[in-house]
Amino acid sequence: MTDSQRIGVAVFGAGRIGKIHAGNLARHPHAQLRYVVDVHAPFAEELAAKHGAAVATVEQALADPAIRAVVIGSSTDTHADLIQRSAAAGKAIFCEKPVDLDVERARACAVAVKKAGVTCMIGFQRRFDPTFAALKQRLDAGEIGTPEMLVVTSRDPSPPPAAYIARSGGVFKDMLIHDFDIFRWILGGEAVSVHATGASPNLPEVAAAGDISHAAVTLRTRDGALCQINTSRRAAYGYDQRFEVLGSKGLLQAGNVRPTQVVAWGEQAISSDKPEAFFLERYRDAYALEIEHFFDALANGTPVRTTIEDGIKALELAELATQSWREGRALECSV
Amino acid sequence: MTDSQRIGVAVFGAGRIGKIHAGNLARHPHAQLRYVVDVHAPFAEELAAKHGAAVATVEQALADPAIRAVVIGSSTDTHADLIQRSAAAGKAIFCEKPVDLDVERARACAVAVKKAGVTCMIGFQRRFDPTFAALKQRLDAGEIGTPEMLVVTSRDPSPPPAAYIARSGGVFKDMLIHDFDIFRWILGGEAVSVHATGASPNLPEVAAAGDISHAAVTLRTRDGALCQINTSRRAAYGYDQRFEVLGSKGLLQAGNVRPTQVVAWGEQAISSDKPEAFFLERYRDAYALEIEHFFDALANGTPVRTTIEDGIKALELAELATQSWREGRALECSV
Amino acid sequence: MTDSQRIGVAVFGAGRIGKIHAGNLARHPHAQLRYVVDVHAPFAEELAAKHGAAVATVEQALADPAIRAVVIGSSTDTHADLIQRSAAAGKAIFCEKPVDLDVERARACAVAVKKAGVTCMIGFQRRFDPTFAALKQRLDAGEIGTPEMLVVTSRDPSPPPAAYIARSGGVFKDMLIHDFDIFRWILGGEAVSVHATGASPNLPEVAAAGDISHAAVTLRTRDGALCQINTSRRAAYGYDQRFEVLGSKGLLQAGNVRPTQVVAWGEQAISSDKPEAFFLERYRDAYALEIEHFFDALANGTPVRTTIEDGIKALELAELATQSWREGRALECSV
Amino acid sequence: MTDSQRIGVAVFGAGRIGKIHAGNLARHPHAQLRYVVDVHAPFAEELAAKHGAAVATVEQALADPAIRAVVIGSSTDTHADLIQRSAAAGKAIFCEKPVDLDVERARACAVAVKKAGVTCMIGFQRRFDPTFAALKQRLDAGEIGTPEMLVVTSRDPSPPPAAYIARSGGVFKDMLIHDFDIFRWILGGEAVSVHATGASPNLPEVAAAGDISHAAVTLRTRDGALCQINTSRRAAYGYDQRFEVLGSKGLLQAGNVRPTQVVAWGEQAISSDKPEAFFLERYRDAYALEIEHFFDALANGTPVRTTIEDGIKALELAELATQSWREGRALECSV
């Protein structure tokens, strides 16, 4: 394949996640990283140099007809603007979650994407995790009959700085948005009721930032399937990412991933590794597979699995959960 | 120990659970089974014969001064009456859960017990399960710091007949009363809010009986500890009894018990046993240990671990959960 | 059943294992413990009192026609004599392993048993362990096709006193005799070659007693099935009793049993319980089930599963392994 | 880094393993794949094209001074010749196991390497497996005290074609050479005795090829540490690669790796994935890490972890095991 046949790509954001996407797309036979854009010039230069790409501004990147796709990994407050401008420029878009913290603004992005007729994929990488994806495939194949109940455990090893929490949109939009997407993906239906409650045990700094560190959410679909999500900003034993779905004929469990399979039998106990340290390690394969999927879809003209509509639905649930928690009551809804 | 020094016991109810309690107390060095009482004479006779006891009426049993304790394993609608009469007769009481389906009537029993000054233990056998008890001990020893979040999975292999469901008091009083006790026991605090929702996916006969087969409950303590309970009347893979508690310094998990430790590595998968079939198998040791505890407490004059107050508190939570589910809203409470 | 219809039993040996057998047979509906015999009078008295039996001498017990069965749990050096005398008196015999440390003497016992036409069961309790027995049943049902290779791990928590080791007959007769029985039971064939080697790393006191603490044995059956046994007198993590058998269609593994199913997720690792502490705990059920089997067989006139011939075959393998280790060479054999 | 500063590499062999090494070295910042050599031209062309390298003959590759290292992944019978010629040409060498099937010839290679003063690393990739390497690191850190006993389970999913077996050098040189290397690496000592036995149950074609499919090997070190290796050419449940080491203070186990962490709870059993399918999947990371290590060592001038001496030691043990099996006796040795 000649360079001119490949899909020229601009990456917006050269931070942690931008680097990962850049590294992954560099391995794709149909993608070619051409520009790196970042407000912090040294970051852009370093990443561009590593992959033989050039540093550019947003305008330059979007003006170049060789750029057929953009990967948005910049800060959340830039997502909506970049989506709208990229859509207007006719570029295919891969954007990190969330579309925006404001639901109205996110909806406007969806309208822009639809109007432009471009592909827009939101980075719900968990759907690409080999364990989660295998579970979903087996569920869809009917292995456990109809799904009836989903239990999701989603915990971070330790809370981010208070400053981050204050502008994060709150735990439901910042952390649980992934779990709301898991809910919709696994149960295959929309919520008709949402209840959320929470607290910040032993984490006064989270409460001081107007947020909660621990949350318990219950969702119900029109079909009567139930979902419980439990989360916390701190788990002393590390990053905990599990879910299990009860069906009419059995249960499918998606467990944590351990760095090694060493088991130590000692004088006190038998012990194995803690889970993979954090999302970059836990979802290493998932990040690679979602980018592969995006460029495969572009190359083959097939639809992407996680659309901007998925991004908005998850955001709406996060908003409702936030409201439920703040008002202390369950909400009827039809997301 | 001579017979006259042992604690004479009457067992009320010679059904499945009565037989188990009779067998267990027969092994206790301080207990002596003297009477078996059952409305169905052949049951009473068979059980009495097996243990060298006599068949009697409630009146006869309670009138005999040699009877110092009663074990109530008869049907739920007889519990309150038997508790009140036994208390009035000065007998120590071991009674299966629930005290009664009606909270007011249960409270009246507590008053009667208190007035009589007799010991009254409610059969929350799960607290005596070796796995659950070991977890609780380690929690109390501070191994994971302060408890912050409890997730309970409690599922039956298959639903009881519709006729049973109709008079069971509903899933919250019939099944989850045990889980409400686990909540109080593990988190060590009372609920300030309760939210319950449910459905009967694929089980129209349960819905027809006015009940739900699947329920999701969320509780919150005054200290901000959260609890999620998920339950179902049917789990194709068997009886599922697990919980896990997140603390500020780690997590403690109580897993299912398997009949054997055989693992088969086959052409399709690596497989191990399903959990113990149902509560009689799963809690075999727990049933023995709770009876041992009751008679140890009587012999030593020490308090019992699961009192009639515990029975009432769990019942109150079941009542609130039922109301929350029926009304579709979260309830503030102070149980 | 009246007392005269029950099988009168004398227990020889009121030590640790004698107490366990007495307790178990006391629960059997067809057995009645009548005499306890022990050279140490207080032991005999205590155990007899506990079960409402009388203290007796060997002569008295064997002379009483009401005694139809004996349970031999006295020291190893008394087994052969008691077997021969009990057989001569026409009593059914349950005897702890080994029959004797001397193969010739053990064979003489088998001759005596055969001549007397009495039942004689040797206490290879592991065959009655629920996990091991379930594995065997599944193997026999063809779940993994033909067995081809057996790997046995058999380790004690810590070595016995040097004085015990010196008179134990050595590690092969003292510890591995159980594993040789597992080999014969699981692979269903006799050995045609035996190789054993060993050492006493970090345990000079074992070497000083003329024994080894760690041994590795390899056996081969006529059919070409292979077996490796690894053992040690010390495992810092406790009592390790596992085996796994590879068949033409899969693998069956028999794992250790843990006291509880608690799993702790901590800052360093995820940990579960060590195995059950030692043989009395690990094989609690097995001891009960083997005694139940013995009295069931007597009551029903059916054969016992572990005969004196099994005891001799295992002893012969232990003798060959000892020789192989001492001479440093593999031995052809036809046990 | 400019191209002229990078380490020019020629890959010999463009088959399955050659492709893997080429892919891995292409990602190394200090390595540059320049030539691909293969007797089958289309294979060489395809692999060269993929990595922007040229097709060459052995002569051309070795004559080019820009080539500083060679990676030998061609058929076993070419290894010795290529090692000797590469050493003579002053190239650093990475060679797949075994050095040669003939021990004398392998030793001649070691002499040639030493004389030339070049780096020569043998591809014992298992030492680089994250699980095995983590175990080794913890062992070396003293976590379980002194190693006393090693049990290795090493089984292939299904036997190779009879034609392959016939020229493979036999199961000990073809399969177990990896396990002999594990023995030396983990126990950190050389063997003083070797015993091997085997059979070909249900695999007459293996026996017809003069080999065995199932083998049981026992090794003993000078320090009295024991090792048992069990192997088979067929395991219906897949590729089985485990070992465990007993130390004076505990046990460390290295388990299989599963493709996903999905667990299915069904009506019959609870089941998880079989192990990774075969060596290419199981040791994917290990293959990448060994190549990274090789080029890191070249770039930094540090020694490699698996030398040609390691290759010869493992080969000597394979030869001794073959002899032990053929002669039916244990062999003293001082490898």
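As written, the chain order gives the labels A, B, C and D, with residue 1 at the start of each chain.
The criterion applied here is as follows: a contact is a pair of C-beta atoms (placed from the backbone, for glycine too) under 8 Å apart; a residue touches a chain by one contact, two chains touch by 3 or more.
Keep in mind it's a predicted model, so treat the numbers as computed, not measured.
Chain centres here are means of the Cα atoms, and by that rule the chain farthest away from chain C is A. Looking at B-D and A-D side by side, the one with more C-beta contacts is A-D. Separating the CA-averaged centres of chain C and chain D is a span of 42 Å.
One simple way to say how far apart two chains are is to compare their mean CA positions; for chain B and chain D this gives 58 Å.
Separating the CA-averaged centres of chain A and chain D is a span of 39 Å. Counting partner chains per residue, chain C has residues 144, 235-237, 240, 249-251, 264-267 touching two or more of them. By the touch criterion stated above, chain D contacts chain C in their complex at residues 144-146, 148-149, 151, 153, 155, 193, 195, 197-202, 214-216, 218, 220, 223-228, 230, 232, 234-237, 240, 246-251, 328-330, 332. Against chain B, the residues of chain D that register as touching in their complex are 235-238, 240, 264-274.
Those residues of chain D whose C-beta lies close enough to touch chain A in the complex are 130-131, 134-135, 138, 143-144, 249-257, 259-267.
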